[in-house]
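In the two assemblies presented below, chain A is common to both, partnered first by chain B and then by chain C.
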Partner chain A sequence: MKIAVCIKWIPDTAEKLELREDKKWIAAAGIDFTMNRVDQCAVEKAIRIKEARGDEDEIVVFSLGPSEASEGIKMAMAMGADCGVLLTTDEEGWDANCTAEALASALESRDFDLILFGHESGDMSNCQTGLRVAHRLNLPCVSRIRDLEIFEESASCKRETEAGLEIYKVKLPAVFTTLGAVLATPRYPSLRGIMGAKKKEIEEIKVNKGTPQLEIIELEKITNERKGEILGDDKKSAVSNLMKKLSEKGLLKG
Partner chain B sequence: MILVFIETKEAKILDLSLKIINYAKHLPDLGDEVSGLMIGEKPISRESKLKYTKLDKIFHFQEEKFDHYAPEAYAAVISKVVNDLSPQLVLAPATALGNDLLARVASKLEVGMASECSAVNKREGKLIVTKPIFGGSLLADMELRTTPALLTMKPLEMEPEPFEKQKNRIEIKKLNFSLPPDVFKLKARDLEQSVEEGISLSKAKKVVGVGRGIKSEEGLKIHQKLADCLGAAIGGTRVAVDNGWIPPDNQIGQTGKNINPDLYIACGISGATQHMLGCQEAGTIIAINNDPHAPIFSRCDYGIVGDLFEIVPEITEKLK
Partner chain C sequence: MQDIPNKTNIAIIGSGIAGVCVAYQLAQHGADGIAVFEKEEIAGEATGLSGGSVRPDYLGNPEMIKAVKYGVDFYQNLADEKNIKPLKGNLFLGYTDEMEDLFQEKVRVLEKCGWNEEMVSKNKVKELFPHLNTEDVKSAMYGPDDIRFDNPYRITNLLAKKAQEKGVDVFTSTPIKGIDRTNDHIQGIKVKAKSGEEKYIKTNYLVNCAGAWMKKINQMAGLDLPFYPIRTRFSVTDPIDEFDYIIPSIEGLVPPDQEPDFHEMWMHNEQKGLLFHADMYYEEIPDPDKMKSGFNSAYLAEIAEKIAYHFPDWIDKIKIKSNVAAKRSFAQDGLTGVGRSKEVSNFYYLGGGHGGFMQAPGLGLALAELILEGNYRTFDMAPWDIRRLTERDYKGPPVDHLRCPRRIIY
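Coming up: the complex of A and B.
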């Protein structure tokens, strides 16, 4: 079985984010980047599927971004993915449609049985890329899934909604966008994994952005309005102050 | 014209959908006509709150195969209606259904979509949507450049108006067209209620959160007592899940759940961003931690610096 996992390399910390002068993106200085956290869960799930089925399966990780985005692929390979494909670009302002177009054309000819995406990116939260790729590849797609089970030619999964869990059975090949911890909590790469990843290959394909449909005009910081008032120096006064506050706010009722 | 996709749950209209209809009525720059679109297995119910909305028209597509969600068939219905009516804007609630459905319609129609928006307006002839990004630490104004433009929304500013029954009957137009059978290939077979132990975390009014500081399963017990006393749900950080103290379903944060209780008591939680993103919509956040420098103290409303194992039982005692 061939499994593709599409991941996004994104700025990690939300507390230190500063805006760039043009306010169209965040200032890169002093910012750590990471693999989008829900994507890490998708990578983990792919590895668990491979482990359960034996070593014949191949896991290929795809990412689109500047050359630094290869760090995300390396992290996935250190966890256990086999190789990676980096769609390289220095252009910014890729919307879900442009990204899906580039990813779909890279995925198209490679005959994957299973394509996984995190259901949402921690930066832009547009929740579209996986669904848009599936449409372009003419493959079925179930979003927000957990409890994914793989059979010979099909997969079963549950899709989490506000009303409950929808149960699906889908013929492979198929695309899934995954939830996080309830699907699989990602492992930390082992030292052996990290060393091993150095020998694994990353293919680079240069891509050009099409015409975006959605474009950032201006960003604004949301100020933290919580004051963090410390309630008293000793246990007794702190707890009694807390009770007073809770009662004032009507939070002690039923 | 603005087309609003109206989501129902067990034949009842979602409050968020009513809010969106209301919101759409206050967008004068975007056309003065607001129509609703409903899709479902059953006829629109007589009790339907729709008669209290100011919709101009409702389009209704009834199909007995829609006993469960059939993503591609739903998307086919909406795409056809959008093609026929040519609305400027299509709005849906930012829910699991709305986000899934509109992304499919956007792909089919090759148009732009923005998810989880809090506002939309027209500025200098451009359609601008506003949405929280980076888990809610930044607000983005973004231009949607296609017509129609698709949006899923959680309008924050818009309080639902007291609903008055409308004088004019809303015109309900039944849609009648056939769908190709292959769009039903992808369909949910069943709907299972999620099994959560105790009080449901995502709906809870009060939540006690646990992190590394509770140290052990033993440590969970005093927090469980506090939760029981408050009538609160238990949630926690990834560390608490990794250690097996709480199940993955109860993880709060970026790879877990987003909660919005009135009260969140974070116990032994340092306040890492990926956790805080999941609880920032809480009304009041209380933090208890023995490290006065823990980042959570700058992200909570009230903090107590001290030993959990002394403070938490003391609070429980006072509550009794």
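Coming up: the complex of A and C.
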């Protein structure tokens, strides 16, 4: 079985982000980037599928971005992915449509049985790329899955909605966009995995974004209007001030 | 909430272990009007992330040995008072004949200063850490009485509390916004209070203990002292099943005149796993407020290869759980800088070098004496004045390291 996992290299969500002067993107200098968290879970799921089925499966990781995005592929390789393809670009302004087009072209000729995406990126949160790729490849797609079981020519999965779970049987090849840790908590890379990743090759394919359908005009930071209040410098005064405030609001009984 | 005063006698910038020790020692000597200004929280940066050890790290100069030894007793007293048990033991490993000579010389110097450090056999090393690869170990120096705290953050906070009991004010979340200097004198500082308003504070003395932010503070005072912010990285492993015993803190050393290799590392217990510090080079960071941690695949591969070398039996068991990047100050020769500015008569500094935690109590005492009495009394730290790096004729301390001090990328 051939499994593709598509990952995104995004600003670390722990970073304090500032906007660039033209307000069209964030100021990336001095910011750590990392693999999108739900994508890590998708990689983990792929590795677990491979481990459960034996060594013959192949996991190929795809990413689209500048050359540094190869670091995300290396992370996935350290976890256990076999090889990687980086669609390199220095262009900005890739919308979900452009990204899906480039990914679909790269995936199309490679005959994957299973294509996994994290369902949402931590930076743009558009939740579109996986669905658009499935559409372009004319493959079935289930989004927001929290469980996935693979059989010979099909898979069963559970899709999470606000109301509950939907359980599907899907003919392979198929595309799935995955939820995070509920599907599979990503492993820490082993020493052997990290050292092995150094030797694994990443195929690079230069891509052009074409004509995006969307253009970022401006980004705006949301100012958090919620105000914190320090209730005291020591436990005693903090607790008594808290009790006073709660009782003023009528939140204490008895 | 404490009100920020309009005037202080001694304003200290930074509440890492350096700032806290200076404040404590000043208060201990009866000074009043001491205030510490901290942009975030006590021990929130390099101190909190440090190894918390007090050991004879590359010490050849008797004055520095005395100062660090003072630190051992100082911390032990604090630990006794708070019912904390420090971890014991430090082990240095050498992999060349040259290292053995250095260790032996070190043992002799330390013995004269009353510090118990001994040469031990490879078997002893094996006994102290059975899972460590000792194949290439040629010599080892062991300090059974050297101490280490597994929570330097807590120790620093306890000490800050003691300083506060002696009248020191500590203002956290209160960054410095400007320094008012007239000719050769600091008149005051501008801070941003927790409430958000900026406030001017007159001060008689100003002490820069701002760690990685020392350079920024110096620049605010119009001073060009050679302290730089640097990044140093370490990795923590997931728990390892067989690793259910306590090891000394262990440092593998390469002679100072050689390029570092995979033997060079520093490690200790961290919960049920290992903390492994193996950055071969420290990297200067342009701005401590915008630092890339640099945990790329090349760094991780380097660390993994090192760990694999030191623990061949654990190669399939060790998993790297987290990577941590700390920011700290560094002076070009790798040694601590402490003293008073030549250009600005009431501006003092303490930082740079390795081993801030172990040196801070002693150097805090030295700096308190320099501020209050105008001279060093207990320890003569004059050679550690940072002028050693800017004035050709200024006599610095004898460079006598166990490890190369100049491994820094600019």
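As a working rule, the second predicted complex is superposed on the first by the 232 of 254 C-alpha atoms of A that agree within 3 Å, B and C clash if a C-alpha of one lies under 4 Å from a C-alpha of the other, contacts with A are read in each partner's own complex, and residues count from 1 in each chain.
To be clear about the criterion, a contact is a pair of C-beta atoms (placed from the backbone, for glycine too) under 8 Å apart; a residue touches a chain by one contact, two chains touch by 3 or more.
Quick caveat: nothing in here was measured; it's all calculated off a predicted structure.
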So, A:K198: does it touch chain B (first), chain C (second), both, or neither?
second
Have a look at where A:V170 lands relative to chain B and chain C in the superposition and call it first, second, both or neither.
first
When the two structures are overlaid on chain A, which partner does A:K74 contact: first (chain B), second (chain C), both, or neither?
second
Count the residues of chain A touched by chain B and by chain C, then name the partner with the higher count.
B
Looking at A:R187, would you say it contacts chain B, chain C, both, or neither? Reply first, second, both or neither.
second
Of the two partner chains, chain B (first) and chain C (second), which one does A:A29 touch, if any: first, second, both, or neither?
second
Just checking: does A:I230 make contact with chain B only, chain C only, both, or neither of them? Give me first, second, both or neither.
both
Go through chain A and flag every residue that touches chain B in one model and chain C in the other.
230, 232
Per the touch rule, the chain A residues reaching chain C in their complex are 29-32, 71, 74-75, 78, 187-192, 194-195, 197-198, 230, 232-233
Seen from chain C, its contact residues with chain A in the complex are 1-2, 194, 238, 287, 289-293, 295-298, 300-301, 303-305, 307-308, 315-316, 318-321
Within the complex, which stretch of chain B touches chain A?
9-10, 68-69, 71-72, 95-97, 99-100, 103-104, 106-108, 110-116, 126, 128, 131-146, 185-194, 206, 231, 238, 241-242, 248-249, 251, 254-256, 262-263, 273-274, 276-277, 283-287, 295, 297-307, 310-311, 314-315, 318-319
Chain A residues touching chain B in their complex are 11-15, 17, 19, 26, 37-38, 40-41, 95-97, 100, 122-128, 131-132, 135-136, 140-144, 158-170, 179-182, 185, 212-222, 224, 226-232, 235-236, 238-240, 242-243, 245-246, 249, 251-252, 254
